[in-house]
Amino acid sequence: MTFTAADPDFEVRVRASFARQGIMRLINASIVRVSPGAVEIELPFRDDLTQQHGYFHAGITSTIADSAGGYAAFTLFPATSSVLTVEFKVNLVAPADGEKLVARGRVKKHGRTLTVCELEVAAVKDGRERACAYGLQTLICLEGVADGRRPQG
Amino acid sequence: MTFTAADPDFEVRVRASFARQGIMRLINASIVRVSPGAVEIELPFRDDLTQQHGYFHAGITSTIADSAGGYAAFTLFPATSSVLTVEFKVNLVAPADGEKLVARGRVKKHGRTLTVCELEVAAVKDGRERACAYGLQTLICLEGVADGRRPQG
Amino acid sequence: MTFTAADPDFEVRVRASFARQGIMRLINASIVRVSPGAVEIELPFRDDLTQQHGYFHAGITSTIADSAGGYAAFTLFPATSSVLTVEFKVNLVAPADGEKLVARGRVKKHGRTLTVCELEVAAVKDGRERACAYGLQTLICLEGVADGRRPQG
Amino acid sequence: MTFTAADPDFEVRVRASFARQGIMRLINASIVRVSPGAVEIELPFRDDLTQQHGYFHAGITSTIADSAGGYAAFTLFPATSSVLTVEFKVNLVAPADGEKLVARGRVKKHGRTLTVCELEVAAVKDGRERACAYGLQTLICLEGVADGRRPQG
């Protein structure tokens, strides 16, 4: 599937939003590719990202998958809008064992209100990629609601 | 539903495994209740756990939900065994906005190989709880495989 | 959770919509309880509803679960509206083996656009209920779009 | 992904099992392609397969998707084994509106105990295919348990 982004500045908008996700700095994830309907995020291994067996925790695998899918959808949204995850589901098909993870989100269906993405996370070990998670995700577009920090109160 | 743990030392075993999850220390989550078939995890708010609007990131909500469900299942597993998440699904029904999150995992069906848990995460704001996520999760029991760090190589 | 239906005629509206679902007549499902935010559907066993081992097919279990949740949400919708399933997930925790199935849909979160339901299906065998499926479902409210057959063509 | 079936008679075995699914006869679904790791099922439109707006019911869309994925997995299973659906999730991305549905199940990860499939259902209208559902599914292999009707009682 190929998509066209309605907002020509989609990449700047996506990268600016990603930069506001405090969690991405904490875990040291970076957004490595942004194209209309597709986003890729990488995460180097660290011992403080692990579950009990020393692999990446399923929740961390899901965290970068969720952001990859959310921003894949967001590339197609209007300039003034926000994206929220409605729900997602992941199957953890192999241990997330490697020197880094690569999460890819791809839009499968883009609607005005709801967008559906497929998610895939691979573990890279000794330079070889191996799928460790597959997912499906539903996003909602809040049109007219600018992305950014909400006022606290 | 009430369950009986086959292993009388289930709580020690669960807490020891939780202590090996590097990610829980990084985000400062703590396991606050452990009973047969049910586990509760708390996570205080920090700015480095957020998504782009300043709320807890959906992936972090999912991380503690996944561990709560995984350890709820693990309470019922044999003394020498490991738990892995097969898959989970979460619906994010409200912004995870509050001074802390409370994730609860509860076993709905315990089988020899597969166990199914329901997940619920509430955000506590000004002392009041409000549900922000519901989920369902499938866990697998690796019988005879001791929990613990896997040899690297 | 208790809900109040905005439309006092919610039950008539739900039952009329259920009566338009051709598949419910084909499989002989009936709607047995309708209350604000909750609906129950029953389905007697027939050999032509089975999978390869002679139990109810997972898809049929899901069919009545989907309708139960969809109509549970629909009870809370405005008088002039339609309901569509956005997505659902089911865990099939035991064989759907019995003389009938009972599917229950219950609203967990009611929003203006999206509503989330939990689904549960029990098999009744020799008069005893046993859970065979748990699910979570997202519904969308199409406000102002009257329920009913769409013009063909 | 390409797979090799361990059992050379996988197609006969899959078609025989499909023929035992009473529900497939009731709705008039047929299995149109069987290859290692992939199965396709077709379902012509009938008015008694519909939801309230006159389209295929989401549960029926799911029923053929579930069988397509289940049998895609079953192609890779040993000669003497059974397949059960552990869980599945579907996103209904467009009305299932057309003269027939085509459901495709494809194995994404084949394990000894658990297999994960992706599901896709398209509605064919005026000869053109349009995706109406995407899903993910987990199957379990019961090794040594022959497929077939279970003794009643």
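Letters A, B, C and D mark the chains as written, and numbering starts fresh at 1 in each.
The criterion applied here is as follows: a residue touches a chain if its C-beta (ideal position, glycine included) is under 8 Å from a C-beta of that chain, and two chains touch if they have at least 3 such contacts.
Worth saying up front: this structure is predicted, and the values here are computed from it rather than measured.
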Item to check | Interface with more contacting C-beta pairs, comparing A-B to A-D | outcome: A-B
Checklist entry - Approximately how many whole Å separate the CA-defined centres of chain A and chain B? => result 22
Next on the checklist: Distance between chain A and chain C based on Cα centroids, please, to the nearest Å.
Outcome noted: 32
Checklist outcome for this item: Distance between the CA centroids of chain A and chain D (whole Å) is 29
Next on the checklist: Counting only residues that touch at least two other chains, what does the list for chain D look like?
Outcome noted: 86-87, 89, 91, 116, 136, 138
Checklist outcome for this item: Among line, ring, star, complete and other, the chain contact graph is complete
Item to check | Contacting residues of chain A [partner chain D, same complex] | outcome: 89, 91, 93-94, 108-109, 111, 116, 118, 131, 134-136, 138
Item to check | List of chain C residues in touch with chain A within their complex | outcome: 86-87, 89, 113-114, 116, 136, 138, 140
Next on the checklist: With touch defined as at the start, can you tell me which chain C residues reach chain D in the complex?
Outcome noted: 17-18, 20-23, 25-27, 46-55, 57-60, 62-67, 82, 84-92, 97, 147-150, 152
